[in-house]
Amino acid sequence: MLDRLIGFLSSGENLVFFVFSLVAICGAIFMISLTRVVHMVMALALTFLSLGGIYITLGAEFVGWVQVLIYAGAITILMIFGIMMTRHRGEAETEPQRPWHNGLLLVGAIVLFGILFYVIQNATITPQSAPVDPKDNTLQIGQLLFNQYVIPFEIMSVLLTVAFIGAIVVAKREED
Amino acid sequence: MAQLERIEPIREQAEAEPAAGSGQQTFADGDISAAYEATAGGLLRAGPPESGDGLRTEELLLNVGPQHPSTHGVFRVIVKLDGEVIREAIPVMGYLHRGTEKLAENLNYTQIIPYTDRMDYVSAMTNNYVLVNAVEKMLQLEIPERAQFLRLIVMELQRIASHMVWWGTYLLDIGAMSPFLFAFRDREIIINLFNELCGARLTYNYMRVGGVKWDAPPGWIDKVREFIPYMRKKLDEYNNLVSGNEIFLARIQGIGKYDAQTAISYGLSGANLRCTGVSWDLRKDQPYCIYDRFEFDVPVGKNGDCYDRYLLRLEEMRQSLRILEQAVAQFPDGGDIMGKAPRVIRPPEGEAYAAIESPRGEIGCYIISRGKQEPFRLKFRRPSFVNLQILPKLLVGETMTNLITILGGIDIVVGEVDA
Amino acid sequence: MANDFTSYAWLVPLFPLLAFLVLIAAGRQLREAGAYISIVAMLASFVLALLIFFERLGHTTDYTWNQLKWLTIGDFQLNMGFEVTNLNALMLVIVTLVSLLVNIYSKGYMHGDERVNVFFSYIQLFSFAMLGLVISVNVLELYIFWELVGVCSFLLVGFWYFKPEARAAAKKAFIVTRVGDVGLFLGMLLLFWYMPGHSLDFSAIHNAFSQGKIDPSIATWIAILVFVGAMGKSGQFPLHTWLPDAMEGPTPISALIHAATMVAAGVYLVARTMDIFQASPDAMLVVAYVGGFTAIFAATIGTAQNDIKRVLAYSTVSQLGYMMMALGLGAATAGIFHLFTHAFFKALLFLGAGSVIHAVHTQDIREMGGLAGKMKITAWTFAIGALALSGIVPLSGFWSKDAILSAAFEHNQLLFWVGLIAAFFTAFYMARLFFLVFAGKPRSDAHAHESPAPFTFPLVVLAVLAVIAGFVFTPFNGWLGHWLGDHAEAETANWTVMILSTLAGLLGIGLGYVMYGKNSVSRDIVAGNAPWLYTLVYRKYYIDELYDVVFVRGLRLIGKAFELFDIYIVDGIVRLCSAAVVGIGRLGLRLQNGQVQTYGLATLLGLLILALALAGRRFFHLG
Amino acid sequence: MMHFLEQPFGWSNFFVFLLLGIVMLLIVLGFVTYAIYFERKVIGWMQFRIGPNRTGPLGLLQSVADVTKLLIKEDTIPRKAERQLFILAPVITFIPSFAAIAVLPFASNLFFADLDVGILYYVALSGISTIGIVLGGWASNNKYALLGGMRSAAQMISYEVPLVISVVGIVMMTGTLNLRLIVEGQAGGFWHWNFIPQIIGFVVFVIAGISELNRTPFDLPEAESELVAGYHVEYSGFRFAFFMLAEYVYVFAIASLTTVLFLGGWQSPLPVLDFIPGIILVPAQIFVHRLFLLLAARDAAAHPDRPAHGSRLAGAAAARDRQHFRQRDFNGIGGWGRMKGIMKGLGVTFKAMTAKKVTYAYPDVPLEMPDRFRGIQHFEPDKCIVCNMCAKICPTECITLTGKPNPDPEKKGKVIDTYDINFEICILCDLCTEVCPTEAIVMTNNFELSTYSRDELFKDMKWLTDNNENVRKENNSAAPKGGAKANA
Amino acid sequence: MSITPYLTLAAILFCIGLYGALSKKNAIIVLLSIELMLNAVNLNLIAFAKYGPKPGLAGQIFSLFNITVAAAEVAVGIAILINLYRNRGTTDVTDMDTMKR
C-alpha cells in the first residue's frame, strides 16, 4: 500500500491534487464541527479555494478562477453579511438535542458514501477520443459558449436578473 | 434698588416650595442620578430592543463618544442606529465643566476675567467684554473713547478668527483636508496681532473693568489696516476652493433644516437664528459699546439649513471687515485707556445683565452683587449651550454622516457648553 | 323354577331407585312418611334378595342377561344387563339387610332434622348404586355404579353441609376415592384393549385369563390397576386417610357405608376378578402385603384415638386390610367370609356408638363412662360386637379371622405374625373402648338413658347375626367355600392358629381391662415414657400432613406456576400486540413534525434502501 | 521569463521563482514606502507646507521610520475580539493583493505568469481581500470597526462591477484576457493605446479604481470624521502595517493595471522612442497616474453623496443599483458643467502649490515672540517689599512667599525670604505683575516649561531670579489702578 | 491519473455537505452545506470533462452554469433568510416548522 502511495505522490500534479483535496476535506469537516458561525464560513471559503485549485489542475483554468471569484469572493461575503444581519444569540451550537436524528443521519451519509465509493471503484471509464489540448482554455470555452450553448447562456442571464431582483424585493425592508 | 426687592421675594419663594407644575419632572437637588437615568441612562440600559416588535433588524447603540475627533472637544452623543439611519440621539455634556460660575463667587472681578477667557476659548475677547460690561453697568462707569475703540476692534478681529476656526474644522469634518490649513494660515495673522497687543495667543485677559489693560503698541493699528484687504482676498479664495464644489453642496444643502418658529422657541441665537430669516443681531438691535456709530448689515439666510449657516458665517466675516475698516479709520489718536474705576471694585448691591453678540450667538452675563468685592451670583448665558438643544430634534431620521455635518453647522465650543 | 326369581334380580336395585325418585319429587310434603317409604322399599328388595339367595342355594351356574344394547362403535357392540352368581347373591343379601336395619335406625336417629327426607333419598340412591354394582354384568357397568356409590358417599358424608369439617371430609372422601377410581379406569382400558374381542364381560374375563390368553406382564398391570381401584374404595394404606374423616357424616351412614357396604365393594371387586389376580402372582403378593401392612398400621393408630367413631373407623381399615391379605394369599373364600361377618358386627358397633352419642351428645370417650348401668341393651350388644371383632371363640369374628390366619400360616409366615399382632391390637383397643365408655364412673354430668325402640331393635338383630354368622364356614364345615365354587381350598383345622389367635385376643382384652377397667396400670404408660411414640400414633403418623405437603401444596404450586405462566406469557403476548400497534402509531407521529430536516433524513434513508436493493441484487449475483 | 515558464515544474525553477518572488516583494515594498512619502509630500505642498523633512535628507526616510515604528510597536489584540480571525484578517487581505501582481507584465518578457485568464485572475483575487477587510472589522468587536468593515466591503463589491465591465471593452478589442497580448495589441504610438478608443472605459476604470482603493473621494470606510479609522481601528503595530501594505499594494496594482490596459503597458508613446526599454516607461506612467490620482482625490474635498441606505442592500444587485445612482449623479445635472466647482477648487490647490510655505523649523530656529508676550515670570528679590499683593491677586493662588525682617537694623520693613510659584497651576494671566508696586515680578518671553515630573514645575526664588533672558521691557505694572497710563 | 480520486473526493464532499445540511440548526450553515454539495457536483462535472468517456469542454460549460445557478440561489436564500429572521426573530431551522405567519 505504502509504495503505491509514494508512487502516487511522486508526480507533481498528483501531489498538488493530494494537497488541495486534503485542504478541501479538512475545510468541509471543520465547517461541520466548528461552533462559531464565522469560523465555519471561513473553513468553507478555504474549501472553495482548494476546489478552485483542483479545477485548474484539471485544465479548467477559466472555471477555476470563476469559482474563486464567485464562490470565495462573492458568496462567502454574502454569507458573512447574512450572519451579521441576523443576530446570533446562542452563538455556540448547543449540544445536539437530536441525538437520534444525527446518529441516523451519520449512518445514512456513510452508507451513501459506501455505495458511491463502491460504484466508483468498480466503474471503468475508458476515454474514447483524444483528450482536448488545453492550449487556450478561455478561448475555447468562449467559442463553445456562444455557438453551441448560447440558449442556456441566455436563460442563465434571465435567471440571474430574476433572482437578483427577487432577492432585493424580498429583502427590502418596508420603509415605514 | 428696586430690582433688589424683586430678587428677595423670588429667592424666599423658591426656597419655600419648589416650582410647582413646571411640566418638567423636577428632581430633588441631590438626585442627579435620577435625572441622568431619566434621560440618557435609560436609553443606554434599554439595550437592544427585545425581538417583540421583531420587525427591525439589528439595532446598534453607538457612542459618538467624548473623544470623537469631530465633536470639537469632549462632547458626547448617544445614538440609536438602525443600519445607517439614526432613530434617536441623546447629547451628554459636562465632561469639560470646571464650575467657573461657582468659583467666581469668591474671586473679585479682576480675578474672574482670566476665567472668562477659558469659557469660549475660541473667542475670548467677547467673553471678557460681556463680564466687564455687566460690572460697568452696575458701577455706571464711563468708558473712555479710546478704550471703546480698542475693545471694538479687538472683538471684531476675534469674531473673524473664531469664524475661521469654525470654517476650517467644519470642512475637515466633512472630509476635505486642505481648507483647514488655509484657515489656520490666515488666522495666525490675527493671533499675532493679539499677541502683540496683550501678550497671549488665546487667553488674552485684556479687558479690565472701566477700560482695557494695554494700549495698542505703535504701528499696531496700521497692521490691522493692512490685514483687512488681505483678508477680503482670502475670503474670495475660500469661496472658490469650497463653496462651489458640487460634492460639498450635495453634502450640505437641505441638511439640518428648521424654520424660524422652531429656532425662536429653542432660543437659538447668532448664525443659527439668522439662517432662518430672523434678523436679530445684538450689535444692531441692542447696540452696546460704540457699534451704533458704524453701519454694517446683518446677513440673513432663507431656509435654515447647514448651507445657509455656512454662507451666513462667511458673510459675517465680510461685515466684520467692514466694521474694522471704519473703526480703524475713526481710531482716536489719543486719550486714556482706563476710565475712573475705583481701586477696589465693589459694585453696589443689586443685579445686572449684559448681553452681546459673540461669534456663536448672544452671550449674556448676569451678576447679583451684595456690595462685596466678589459677586454673590455670576451666571453666563452661554450661546453654544442653548444652540445645542436643537441637535437631538435635528438628528432624528438623518444618517450617521449627516450627524457630523449638522453638529459642525451649529458651531459649538464645548468649553462654552459646559462652562 | 330354577331361575324364576333370579330373572327378576334387576328389581332389587329398582326398588330403592323408585323410593329415591319419590322422595326427591315430594320430599318436603312427605315429612314423616318419607322414612316409611324408604323402609318399605328396602324391605321389598331384602325379601327378593333372600328369595334369590335361597333359589341359588341349590345350583351353582351363573345367570346372565345382557340384552340391553347400549352402544355400538364400529364392529364393537357394548351390552348392558345383570348377572347373578353365588357371590352376587350373597352380597345382595348382606347389602339389603344392613341397609334395611340402617333405615330403621335412621328413622329414630335423624328424627327432628328438617332435611330428613333428603337424607333418606340419598340412602335410597346409595342402595340402588350398591345393588346395581353387585349384579353388574361387565366391568364398565360396574364402573358406572362404582362412581355412583362414590357420589352418594360424598353426599351423605357432607349431609350436614353447614359444618365446615363435614364439607372438607366429603370433599376429601370423594377426591381420594376418585384417585382410586382412576386406577380402576386404566385397568378397564387395558382390559378393553387386550381382551380378545374387546369384551368386558366378567365371564369373558374369566375365560380369557384362566386360559392364559393375556401375557403375564399385561395381566400384572391390569391386576395392580384394579387393586388400586379397590384400595381407593376400601381405604387401604396409601388411600385410607378419607375413611376416619368420613366420620363427620351422621352415624347410620358411617355404619352403612363405612362399615358394611361401600368399603366392602373393593374386596368384592377383587374377588369378582380373581382370575386376573391369579394370572399374575406378583399382583397377589402386592395385594397381600398391602393388606397386611394396612391391618397392623390401622390397628396401632386405633389404640390412640379418643373419638369413639374414629376408633371404629381405624378398626374397619384394619379389618379390610385382613380381607385384602386373605385375597392376596389366594384364600378368596376366607376373605369373603370375613367380609360377611365383619359387615354385621362392625354395623352393630357403629350403631351402638350412635346410640351412645345420641345419649351423651359427645363423641369423646374421655368424657364418657359408667354408661353400662344406664344403657343396658346398648352395653350388651356393644360387648358382643367387641368380642366378635376381637375374635373370641364362639363368635363369628373368631372363625373368619382364623380362616385368614390359617391361610396366612400356610402361605406366608411373616403375614401370619403381622396378622396375629394386629389381632392383639384389635382386641386391646376394643377393650379400651368398652371399658372407657361403659365401665367406671360417669365422667360427665349428662343424664344418659337408654335409646328408644328404633335404636335397640337393629342392635339386637345385628347382635344375633354377629353370633351365628360364624358357623357358615368353619374348619369343620366348609359349606361356603363349595357354594362359592372355590374348591381349591382344602379345609383343615389348624389348631395352633386357633389357639394362638385366641391367646392374642384374650391378652389384648386383659391388658385393656387392666389399664382402663381397674386403672391398676396407669393409662399413659406409653404416653409417659415415650411421648413421641404416643403423639406419632395419635397424629396418625402424620400421613395427613404428608399428603397435605406433597399433594396439596405441590398442586397448588403447580397451579401457581400455571397461573403465572398464564398471566405473563399469554396475557403478555396479548398486551405486546396492542403495544406494538400503539408504538407504530407514535413513530408515525414523530416523523410528521414539520421539520424539513427530518423529511430530508427520511428521503435519504429511502434512497439508500432503494439503492441497496438494486445494488444488492446485482452485488449478490456478482459476489 | 517566458522560457522559465515553459520548463517542466521541478525543484530547481521553483527556487528561481521563489527568488523572483522575493525580489518582486522588495520592489513592491520599496514602491509602497516611497508612494506614501510621495503622497505626504504632495499633500503638504498642496497645503503650502513642506511635508516630511525631518527624517533623513529631505525626509526621505520618513516612511521607513513609520514602518519600523509599526514593526516595533506592540500589536495589541482587544480582549473580547475573536483572536483567530483578528490575526487571520490582515493575512487574508494582504496575500491576494500581492498575488495579483504576478499577472502584471512589466516588459515584453518580464512578467511572472502568463495566464490566459489574466484579468479574471486579478478580479478574483481582489474579491478575496474584501473578505479580509470585513473579517478584520467584525473580529475586532468594535462597533465602529464593524460599520467601517461593512461599508468598505459594500463599496469594494459595488465598484468591482464597473471596474470589470469597463475592462470588457478592451478584452473585446484585443480578443484575449491575457495581459501580455493586450499590451502587444497597443504597439505603435500612443494613439494605438487603448485609452483613446475606450475613453469611457478608461474614465470609469479610473474612478472605480479610486473607489476600489478606498481613497478620497471615496474614502468612506476610513472617513476619519465619522468612523475614526474604519475597519482597522483596533489594529496596531505589525498587523496595521499589513493592512496599509495591502492597500498600497493594491494602489500599485491598480495603477500598473491602468497603464497595462489603457496606457500601452511598455509600449512607448511615440514610435521613435521605442528604443527606451519598456521597463522604464511603466513606472513613469505609474508615477504620472499616481499624481493624477492624488490630485483628483485629495482636493476634491467632499465625499460623494453617501449611499442613502448605507451597506444594507443584499447581493450584487445593490451594487448595480448604486452604480445607476452614481451615473445619474454625475451626468444627471448638467454633466460636465457640474465639474466647474471642482475645477475651481483644483485651481486654488495648484496656486497653493506654488505659494510660500508657512512651515517654520521651530526647534532649530527659536521663535521670537512680541515684547508683550506673557511667558514665565522673572523675580528680583531686592525690589520686593513683601506686600503680598501678587499672592492675593493671583486667581489660582499659585504664588507662596514668606518674608523675614530686614537683616540690617536701620532699615524697617521686611525682605523677601522665599518666593515660590507653582507653575502646575499658574495660568500666566499676568495679574501678579500688574499689581506689583515695585515691578519685583515681571514676565519674560520664554515659554518652554516641559518637564518630566510635576514637582519640577514648582519653581523656587532662585530659579525665578536666574530666568532673566528676554525679560519684557514694557511692564505696565504699577499702573495706578483706574488711572490710564497713556502712551501712544 | 485516472478519474477515481476526483470522484471519491467529490463523493466525500457531497456526503459531508449532506450531513451538514440535514443536521445543522443554523439556516446559514444549511445554505453553506448546500453550496458545498453543489461544489462537489461541479468537481464531478469537470473531472468527467477531462477524464470522462468523451473528453471535451461540455463539462466545464455546465459547471459554469452550475456556478451561476448557485450564486443566484445563495442570493435568494440569504434574502429569504433575512425575511424569516425578521418575522421569526431566530435563524434556527428547527423553529421554522409552521407555515403560519
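Letters A, B, C, D and E mark the chains in the order given here, with residues in each chain numbered from 1 onward.
We adopt the following convention: a contact is a pair of C-beta atoms (placed from the backbone, for glycine too) under 8 Å apart; a residue touches a chain by one contact, two chains touch by 3 or more.
None of the values given here were measured: they were computed from a predicted structure.
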Provide the labels of all chains in contact with subunit A and in contact with subunit C.
E
Starting from the Cα centroid of subunit E, hunt down the chain whose centroid lies farthest away.
C
Among the chains, which has its CA centre at the largest distance from subunit B's?
C
Which chain has the mean of its C-alpha atoms lying nearest to the mean of all protein C-alpha atoms shown?
E
Could you grab the centroid distance between subunit B and subunit C? Build each centroid from C-alpha atoms only and quote it in angstrom.
138
Between subunit D and subunit E, what's the gap in Å when you average each chain's C-alpha atoms?
44
Can you check how far apart subunit A and subunit D are, centre to centre, with Cα atoms defining each centre and the answer in Å?
41
On a C-alpha centroid basis, what's the spacing between subunit C and subunit E, in Å?
96
Where subunit A touches two or more other chains at once, by residue number
62, 66, 74, 78, 81-82, 84-86, 101, 105, 109, 112, 137, 164, 167-168, 171, 173
Where in subunit E do residues touch at least two different other chains?
18, 22-23, 75, 78-79, 82, 85-86
Junction residues of subunit D - those touching two or more other chains
312, 314-317
Contact residues on subunit B for subunit D in the complex?
57, 60, 62, 68-70, 83-85, 107, 110-115, 118, 144, 147, 171-179, 181-182, 185, 188, 192, 195-200, 203, 205, 210-211, 213-215, 217-218, 237, 240-251, 333-343, 399-404
Listed in rising order, the residues of subunit A that touch subunit C in the complex are 101, 104-105, 108-109, 111-112, 115, 118-119
Contact footprint of subunit E on subunit C as seen in their complex:
593-597, 600-601, 604
List the residues on subunit D that touch subunit A in their complex, please.
9-10, 82, 84-85, 88, 115-117, 120-121, 123-125, 127-128, 130-131, 134-135, 138-139, 146, 150, 153, 157, 176-177, 312-318, 320-321
Can you name the residues of subunit A that touch subunit E in the complex?
11, 13-14, 17, 21, 24-25, 28-29, 31-32, 37, 40-41, 44, 47-48, 51, 54-55, 58-60, 62-63, 66-67, 70-71, 74-75, 78-79, 81-83, 85-86, 88-89, 93, 96, 98, 101-102, 105-106, 109-110, 112-113, 116-117, 120-121, 125-132, 137, 140-141, 144-145, 149, 152, 156, 159-160, 163-164, 166-168, 170-171, 173
